[in-house]
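Working notes, beginning with the structure itself.
In this document, chain identifiers A, B, C and D correspond to the written order of the chains, with residue numbering beginning at 1 in each.
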Amino acid sequence: MLYLLLALPIISGLLCCFTKARNAELINILGSLLTGITAIYCCLTPFMTGTAQKLNSHKIYKILILDELSAILVFIIGVVGTTCCLYGVTYLRQERSHGEIAEKRVGLFFGLLHFFVATMYLAVLADNLGVMWVAIEGTTIVSALLVAFYGNKSALEAAWKYLIICTVGIAFAMLGIILTFYAARGVLGSDEISLSWQQLYLVADQLDPSLMKLAFIFILVGYGTKAGLFPLHTWLPDAHSQAPSPVSALLSGVLLNCAIYAIIRFHLLTTMAVGEGFSGQLLIIFGLMSMVAALPFILVQKDIKRLLAYSSVEHVGIIILGVGLGGTLGYTGAILHLINHALGKSVLFLSAGTLAQRYKSKLIPKIHGIGQWLPVTSAIFMASLLAIGGLPPFGLFFSELTIASQGFQVKGALVGFVFLMVIAVVFAGLIYFGGKMYFSDPVTTCPSKREGFSVSHVLLLLPLGLLLLQGIYMPHAIQQLINQVVKFMLLGGMPSV
Amino acid sequence: MFASIQGNIIFIMIAIYLIGAVMPFLFKVNSKMSFITGCIPGSIAGVIGLVLGLAGLFSTDPFGVSFGHVLPGVELMIQIDRLSGFFLSTICLVTFLVSLYSWEYMKIYRQENIAWWSFYYNIFVLSMVFVVTVNNAIAFLIFWELMTLTSYLLVTFEYRSQNVRKAGFVYIVMTHLGTVFIIGAFLIMSNGFGGWGYEVLARNSISLTATEKSWVFLLALIGFGTKAGIVPLNVWLPLAHPAAPSNVSAVMSGVMIKTAIYGMIRLIIDILGPGPTWWGGLVLTLGIISAVIGVIYALMEQDLKRLLAFSSVENIGIILMGIGTSLVFYSLSMPVPAAIALAAGLFHLFNHAIFKSLLFLATGAIYYATHTRNMEELGGLIKKMPQTALLFLIGAISISAMPLFNGFASEYQIYQSLVTISSLRVSGFWSIAGILAAVALALTGTLVAACFVKAFGISFLALPRTQKSAAAREVPLSMRFSMAPLAALCLGLGIFPQVAMNSLLGVVGQLVPGSRVSGVTTYNFNLALLLLATILVLLALSRLLGTPRVRKTATWGCGIETDAAMEYSAASFSQPFRRLYRGLLQPQRKVETKSSLLPYFGYQIYFEEHVKSVLKEFLYRPLRSLTISMSKKWRCIQSGNINFYLGYVFITLIVLLVWVR
Amino acid sequence: MTGKLLIILGQFSFLLLVAPLINGIIKKSKALLQCRRGPSLLQPYFDIIKFLRRESVVSVHTSWLTQLTPIICLASYLVAGSMIPLWQHENLGIGDMIALTYLFAMARFFLALAALEPASAFGGMGSSREMMISSLVEPVMVVGLFSLAATAGTTDINGIMGAGQNPAGLLTFIGLLIVVLAETGRIPVDNPDTHLELTMVHEGMLLEYAGRQVGLLHLAAMIKQVVLLILLIHLFWPQNPNAPVYVALVLIFAKVSFLGLVLAMIESALAKMRLFKLPELMAGGMAFCLLAVLSTYLI
Amino acid sequence: MVDLFALIFLVASLFMLAGRSITNTITLLTVQALALCLIAFYLGLSTQETNWHMVIVGGLTLVVKVIILPWVFYKLVYKVNLHREVSLSVGLVSSILIGLLLIGLAYGYIVPVLLKDIPVGGHLISAALAGILLGCFFMISRRSALSQLIGVVAMENGLFLCGVAVTGGMPLIIELGIFFDILVGALVMALMTYQINDTFETIDTKFLNKLKG
């Protein structure tokens, strides 16, 4: 099943690359739908069966594994990835009508999109540290090509920075992996097993602490670069703002989460090896730093997509902080926030992309009166903006609240309060720009006819509805699943059976 | 069994609100049906809620219904005890009438999308209902924020004007920041294991240290104070209330800001329990400051709705004076006077809900008839729309606490508490503080009277100042009809205050342990009767004696024909006060005389005078500009140079490597 | 019940009968102090009766409010007066300081409204100034009354009878005397005799009234003055509670007229102040009352 | 013997900082890679029964890092004809000093202090860490896209050495994957360098500064 999950996007990607635009769209739609369905099916299995689903390819150890944690990520990739791929169709049609993108490159775009998705699946499914590293490096390469897709100056600049910075970071991550491998080999002996998450977790408490500390630092810097933690986030706003909107949505909604996923795994490992406090401390520091540092950029920002990118930095900070705080509430909040942010931010990027397309500009001052010209899209945009700002009835409010309460418990009132304050001020920034764009008179150039309701909006409303559900009424089954994941994390990566 | 019936009723009420929210979308927008389906369900549900609230108010033990665990560790449960009952009935009473009123009133907003309006409005009311009835911190916060959001959307309903957008922005940002403090207060009390129910919090709060308790108190005070609009935090209020449609501002000013008071009482008195005396002192001081400053700014206003908004600040101040006094007694462990003071505060809260919504609705009627809220353009309306005038007058009399009306009844109780605090001689400090507070209250009272003499006199009496007011007609019957009950309540509660006070003592008895108060000396209604009787007798006498001849002539205008230009204007009415309180208001006047060819004849005078909001000038604006400039500076770290970026990564690594050991 | 009613009616009639006379006494004594003959003591009665009979000229801009106001003023002052027991000090159950203060406020409220009605600038000026002055006077009045009420522990008027009979009370008395000057619209606050438009406050509000209404309003003003004086006496200089009725009435009358003389002297001794000098005067009154409070609690 | 190669490796990566000429830098890179694969072969063949794993890895290094990549880079140099580093962001002398400092850090702090209780093969690991740090610093100090590309490869070399030193090579599949990744990555970067050169008429990244704030 998991192999199918990997195979589907690769196949459809290959097909897309070598076909005309028309068919490419068709293949893309089919492929992404199939992938999404498979993903949803897969990510339910570990909860249904209660055990992690392992695939013994090699006799000795496993390449792919799907336990509770990765299931969450698979779910996110499934939903967001599919949404973005499907939305890409409408987006590209617009671009072609504007003549931004040549007819023949459409296939290439969809192909790369699917490869991107595939690499991310691999990254979260890999049971092997090395494979995971390779996959994440792969995402960098593919997505860099996507970022540079428009091929104009700024796109190239963004792509280059993205590529260079992330490669350097990833290199450090490799160093961390090597150290981990060394530490593990001391315990597990034989080479291959000692890079498997499953095996590592079993022996985590015997790993050499000082080695693991060093390893974790390299890992944090490495994958932190990819996740966009504060001093390492510099590539993020450029790439997000220059990429085509579906790609920005994927980058911010999913790719960051993959990196966070890697950090979480190593955090669990390190916590068990070194003991409480060390890695958690680092994560808390970095989380807070990212939140606080992203704030000023949000308050004074001209470019709508950069605005969203910085808010992604802030939210990554929130998630990392939640993981660092740990405990039932911390982990619950972090996991929920992972999901909520992925859903909300992708919708936000997609709708913002449409706005930018219609107004032929990413500059906020140029985007007036969206409420009157594009009522549906702008309504969705505003809704997701409020959601990302952390306002009920959307899920992020609850997840942030949960993390905050853990903060109040563990780190005292100050951390929790700073956390809440930053979120509130960020919200002020968002609502300021949102109001500027929504509650203003439309530009004179815009055509008189208002936009109607179309199928692409349904596509956007789907994640939004999920978000609403997360905030107001979470079905009991889902609460069970979340609890299971949290238990898994609390047990430090042991299968929770 | 009883509870289950109640539960079903609750479900029905919620369902009706939701129907009111979604139905209008089904009809052609702005058709007659969409107006009806938007407003009528709201009022029906309001009646049901009123019944529920009264049931809760008088039932000995709380009843409710649970919706199950909606979120991890959060059980959404509606539980109506006496306090909730009181607030629920207040909310539903006002919203019931406002919904009736809106049906006609909203027709002046035809060009807007009414369906959205009724969606926001009904959800807004529903969230208020939830806010005062849930018994769980998270649920409270969720609906609290929902309330903020929907009211923001209602405030920005006329988003085409720049001021409205600004007002909405300030409003939602202020209240959202306030919410952060509230969350902080709750989280300090909650233990880490997701204990969110009120009773859990109450249990935790017993184990808190004194400083922690004080922190909770301060955070709650700031947070709820922002919503209630106590003085340093009230900047949003005079912006948002005028920006919203009048019926919405009636709800916001009448009941929404009261939910903040509910939160304060629930969190500080019910959950947190007694604390040191300075809590009460602080609340009392804030109350005094809000009352005085609020009314002084109200007196300066020419815009009726801004005036009413500022007077809301003032009334919240009076309510806080009651609560603060009761906190003082509470911390001095004198439950009975504490109970009476708290009841007095709640009583004034209810009265304010009544007459302030009445006044806002009447202002809305003026706007409906004349399309202006500026007093300088009004005048002479008492002849054009006599019934509205009478209703407004009743509201004005009640809010300026004239005997016979409810405003006086509650302020009287607060006076009594203040006298008690100074006569019990707990300490010389409190004795003098009580008297000073009473003085502040008296000052407020006179200023309010002046303020509403101005409001009513300028906009309703004398000659119409513009064509707008000259062309005014009486508003439709349904609007007048929905204002009448409020006016009736003003008079009724003024004559029979014991009823209200005694039922409120029931509420307080639930909050303050050991405060079984049999009855409280409301000011005797013999007085009211006597006054009424005397007035009637005198009227009768003057009729019996037979009126001598009455000659109707124009007013003597020093020989010139009087016209509207010679009337006393609103600005000139408040001029002495402007001069009296110039230290606070900082009026800036600009006078230019332009003389035509001859210096003595026919020269024009250009005169303008502004008052400054000291808070805005010296607190908020600098804060804002500081934030912006700091952010601008900070942006330079994203310089666009890739070498720097790599340097960040490298340095981070080195620092961590050094840090690790 | 009927007994109480009778008492109340008796008080009403006493006030109605005595008030003009007191006013006459004050006028007369002022005249004498200024070496004039002055009008007869009964002049106010004649004025009132004349006014009540005369035809009334009403501005076309006015409404029912103008007709109602004199009645309300008169009624509220009468009721206020009936709160202060003149002879048998059994509790009428209506006497209350706060209510008393606010009854005055009510009369003022309606008067100010009625003054705005006939669209003339003088009335507007009068009412705005009246409200301003009241916002200065009332706090002083409240602090004075409350300092006594707090010592007595109640705001019931019977309860605080003679509460001012202590050294601190003297200070309070001075404070309240200033209040009385202001409330009765006398020099140095306002000049009851002037009709120069720019200086009048109380008279300015009555400017557009004529005939019966103005008569009632004048009567009301006189009653207010007597009520205030009686209040002072009740607080600081009460007579034996269980004296027979006629004795009590005579005593009251004597004391009131004495205080009237005092007022007359003060009035002739001082000159009218500028409007915006009033805050200082009232601050003085406030200072006296607060001193009284401090001396009661801290000493 | 191994230590000698390690020394060569280290010196090569230090000298990369010293020169402006890009062609020389590429040569030094090649030397580095050569030292690397010699170490791999030595470790593979020195033991009595040959460790094929090491040999294969060495061979891969030889193919990828000694032959293909330098060739690509040379072609790139001639394509964009930029033989000398146009602008440095850190001066040569100071960068040399910083480089020495970094070596000191690796030898004097990381290994003896942070990894003290771990028996590591000679000073291979110190050399590797130093190599990585130097590579990273090389990227910081150079502005041209090409040099940054070279820096990346240098870091990869350091990583490889580290892997060899610490663990005697990662599992084979991983190794292959990594090589593939590096190859693709380097090629993609090279491609992008072409594009940059076409679009900006220069590969000096100081002109890539439009996106800020």
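In the analysis below, contacts are C-beta pairs under 8 Å (C-beta built on N, C-alpha and C of every residue); 3 or more make two chains touch, one makes a residue touch a chain.
A quick note: this is a predicted structure, and the numbers were derived from the prediction, not measured.
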- prompt: In this assembly, which chains make contact with chain B and also with chain D?
  reply: A
Chains most often in contact, by C-beta pairs: B-C
Query: If you average the Cα atoms of chain A and of chain B to get two centres, how far apart are those centres in Å?
result: 44
Task: Could you please state the distance in Å, as a whole number, between where the Cα atoms of chain B are centred and where those of chain C are centred?
output: 36
- request: Averaging only over C-alpha atoms, locate the centres of chain A and chain C and give their separation in whole Å.
  value: 78
- prompt: If you average the Cα atoms of chain A and of chain D to get two centres, how far apart are those centres in Å?
  reply: 31
Task: Would you please write down the residue numbers of chain C that are in contact with two or more other chains?
output: none
- line: Residues in chain D with touches to at least two other chains are numbered 110, 114, 136, 139, 148, 205, 208-211, 213
- request: At least two other chains touched by the same residue of chain B: list those residues.
  value: 635, 638, 642, 646, 649, 657, 660
Query: Which two-chain combinations qualify as touching?
result: A-B, A-D, B-C, B-D
Statement: Given the complex, residues on chain A that touch chain B span 160-161, 164-165, 168-169, 172, 213-214, 217-218, 220-221, 225, 231-232, 234-235, 237, 282, 293, 295-297, 299-300, 327-329, 332, 371, 386, 391-393, 397-398, 401-402, 404-406, 408-410, 413, 416-417, 420-421, 423-425, 427-428, 431-432, 435, 438-441, 471-474, 476, 479, 482-483
Message: For the complex, give me every residue of chain B touching chain C.
response: 380, 382-383, 386, 397, 400-404, 408, 412, 415-416, 418-419, 422-423, 425, 428, 431-432, 434-436, 438-443, 445-447, 449-450, 453-454, 456-458, 461-463, 523-524, 526-527, 530-531, 534-535, 538-539, 542, 545, 547-557, 562, 564, 566-568, 572-577, 579-580
Field: Residue ranges of chain B touching chain A (in the complex, touch as defined)
entry: 68-72, 74, 138, 141-143, 145-146, 149, 156, 159-160, 164-165, 168-169, 172-173, 176-177, 179-180, 183-184, 187-188, 190-194, 215, 627-628, 630-632, 634-635, 638, 642, 644-646, 648-649, 651-653, 656-657, 660
Message: Which residues of chain D touch chain B once you look at their complex with the stated criterion?
response: 89, 105, 109-110, 113-114, 133, 136-137, 139-141, 143, 148, 205-206, 208-213
- line: Within the complex, chain B is touched by chain C residues 8, 12, 52-61, 63, 65, 71-72, 74-76, 78-79, 82-83, 93-94, 96, 98-99, 101-103, 105-106, 108-109, 112-113, 116-121, 123-125, 127-129, 131-132, 134-136, 138-139, 141-143, 146-147, 149-155, 208, 211-212, 216, 275-276, 279, 293-294, 297-298
